[in-house]
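Sharing a structure here in C-alpha cells format.
Think of it as A, B, C and D in the order they're written, each chain with its own count starting at 1.
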C-alpha cells in the first residue's frame, strides 16, 4: 500500500544529503496524498545511508500512524499541522542547512537583496520570533506549526507564494506543490541565505531590492504574462 | 542546420554547473555566428541535467527565433543587444555565482587588489547602478543590454579588454572571443570576487593595486611584448 | 591479537579525511578496550592514504606500548589520561577541523545559539584557557588531559553529556561511547562551529538560545521521555 | 634526458588542481637537480588538463632553456633566483590559492595563532611589502626573487625553517627539500591562511600564540628530541 507515496518521499529525502543540505540524520521531507488525507515522512533519527523506501512512515493529519514499523520524524506534528492548515501544499522539507540556520540563529529575516531572490518570492524570507516558554513546554512540534501559520497571518504572506520560512533559533522549513519543488526550495533558500550573508558582510548598508525589480523578476517568472521557462 | 553552433553552445552551458557557477536552471550561455548574424542560446528554465544539444535556440539580433522548439532564455534580449553593439565578442555567459552576485547585491565595483585580477584586466570590475523604474517596466532585458553598454561608455572601458560586468542587484555577465573564453571569464570573475571579498574582510583599508603592478601583469600576458603563455 | 580493536581504530581514523576534518597527517582517533585496560591509537605522522590496520599502536593507560612497530600519536598521553579519568568514554577523536580550530584560536567558547546545538548538548562548547608555561614545558600531552579534566570540573560539566572540548589555541577533542560516536561528535562540532561563526557575523548581538528550547531539544533526544530516533 | 626530473615536476604540478589550490593555468611548481645545476618547471599558460610530462621545461639558474619546446612559466626567474640563493631547497611551488592570496592582497603577515601553525614554523608567515616601481618595470620576476630573499634577511628568517612567503598583492610561494614537501607547504599555508582568517573574524583581538606553545609544538616535531612522526 502507498508504495508510490513512500517512493516519492524516500527519493526526496535522499536528495537532502546529495544537495549538501544535511549531515547524518538531520532534516526530513514529507509528501502528502490529499485524496486520502495522509502523508509519508522520514523515520526519526535514521541516517540517510541506511534509509529504505519501506522505512517511510504513513500518518493521517491527526498524527495517527497508519503504516510503518518505525517512529516518524520528531518534527511530524509540524508537518501534519501545515498540511491541514494550508491545503495547497503537497510536500514539506526541513533541513539544518548551514547559512539558513545561521540567519535563524541570528533571529533575522533574510532581506531581499537581488533578483535571484525576486525570481522566487517578493518579500523578505520571514524568521519567526522566539516561541513562548509555555508553548515550547507544551505540544512543541504542533505549536511550531501554529507559529509558522501565525507568522504568515501577521505578515499577510501567502504560503502559495512564499514557500519558505526560518524557525527562529532552529532552521528552515520549505514546501511546494510536490516533493521536487519542496526540496528545490530548500536548496534555493540556502543559496539565497549565503548570497545575503556575503552581501551584508561586503556592505552593511546594502539597500533592499527596489520594488520595480522585485515585481519585474517575480512576474516574468510567475505572473500571468510570464515568459520564463517553457509553456 | 547550425549543428556546430548548437553543439558549442550546449557544451559551454554544461560547463556552468560543472564549474559550480549555477544550480538548477540558473544562468545561460550564448554563442554567436557572425557570418550569418545569428546566435544560439540556452532555452529558458530547463535544468542542466535535462538539456540536449537540440534544445538550443537559434535567433537573429532582432530576437526572431530561426530554429528551435523551445522558448529561449528570458535574458535573450540582453545577449542580442550586446552582440549587435560589440562586434568583437563571440560568446556571452551569464551566471548567478555566489560571490559575484554578492558584490552585485552590495552595489559595489570589485576593486583591483592583486595580480590575479591584473592578469585579466586593469580596472575595477564595474557594477552597473540601479536601473530607472520606467526602463525596468519597459523592455527590461533589452534595457539591461543598454545599461551595460552605457556603463562601459561612461567609464571609457573597452569590452575587448574588460570582459565582465556586474548588473547591480542581479549578477554577472561575461563574454569573450569564443564560448570557452566567455565561460572561463565567469569562473575567473567568481574567483576574483571571492578573493576581493576575503581581502576587505581581513583589511577594510586594503589599498588598490599600484599602477606599476597592474601594468606589468596585464602587459606580460596581453601586451605586445607578452611572455605569458605559448606563442 | 587485538585485531578487532585495531580494525575499529583504523576505520574510525579513515573517516576523518573522508569527512573533511583533517588533511595529510593531522588528527588521530583512539578506541579503548575497557576489559583489558588498553587502547589502540593512530601512529604518529602517517598520512591517512598510507595507513594500514596493523599500523595501529596498542598501549595501556600508563602509555606503555604493548603492540605495534610504530610510534603512537604524539597526543597519546592526552588520550590515556582521559580514558583513565573518565571511565564511561569508549573512544576519543582529535582533529584540526577549520572552524573548530578558529574558535580555539580565538580563545572563545562556542555559544549555544540554536537547536542543532541543543540536540547534542545543553551548554556552550568549552574552550580551555591557555596552559601555564611550566605545564607546557613539562609533560605537555599528559597536562593537556589534566587541563581538559579541570575545565570540566570547574564548569561542572559531565563528560557523558558534553562530549566535546576546544583546547585553546590548539583544536578540538571529542569522545563518545564508541568510535562511531566520537567521530560523529567531531563532525557535529565542526558544523556547530561553522553555524555559530556565521551567526555572530550576521548578528554580533545574537542571544543565547532560551532555556526552554535548550531543555526541550535536549530532552526530546536524550531525556527519559525521549521520542527522537528509534526505540 | 632528465626524464625523472620532468616526471617529478609533472606530478607535483598536477597536485595543485587536485588539492584545490589553482584553477585553469594558475600556479607552477619547479624541481631542482642540484648535481647538474638545473631545474624543471611547468610551461607557461598551459591548462593542467592538457599538461604532459614532456611539456616540462629544463633550465639552468641563468634561465637558459636546456630542454623543452615550450616557453617556461612566466615566474621562472623567481624560481631560478631562489634556487641559486638558497642552496638547501629542492622544489618551489607557487599557487593563487584563495585565502593565501587574500592575506597577500591585504598586505598583512599571517599571525601565528595556533599549534597547527607552530607545528610547521615558529614565526608569522611573512608578507613582502609592495615592490618599488623601478623594480617592477625592470627585471620583475628576478626582482621578485630578490624581494623574497631581502624580506627573509631583514626579518632574520631561515628559509630552511620558514618554507613559505606571501608576495604582497600577488600570492604565495612555498618550497621544501623535495617536490612533495613544497606542494605540501602550499596546502598547509592555505589551511593556515583560512584558519587565521576565521580567527580574526571571530575575535579581532585574538592574541598571538604564546612562546612556550610555539616552542613546544615546533620542537616536538622538528627539534633534536622530536617525537612526532616515525624515526
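The rule we apply is simple: contacts are C-beta pairs under 8 Å (C-beta built on N, C-alpha and C of every residue); 3 or more make two chains touch, one makes a residue touch a chain.
Being a predicted model, the structure only gives us computed values, none of them experimental.
Any chain touching chain B that also touches chain C appears here: A, D.
Residue numbering shows that chain C and chain D use the same positions for less than half of their mutual interface.
Relative orientation of chain A and chain D, expressed as the C-alpha superposition rotation angle, is 180° to the nearest 5. Distance between Cα centroids is largest for the pairing of chain D with A. Work out the mean CA point of chain A and of chain D, and you get 46 Å between them.
Note: centroid distance chain B to chain D, computed from Cα atoms, is 33 Å.
Residue numbers of chain B whose C-beta contacts span two or more other chains: 201. Applying the touch criterion to all chain pairs gives A-B, A-C, B-D, C-D. Contact residues of chain C toward chain D in the complex are 23-26, 43-46, 70-71, 74, 96, 98-99, 101-108, 130-131, 133, 136-137, 140, 169-171, 197, 200-201.
Across the complex, chain D is touched by residues 113-116, 184, 187-188, 191, 194-196, 198-199, 201-203, 206-207, 209-210, 212-213, 216, 220-221, 227-231 of chain B.
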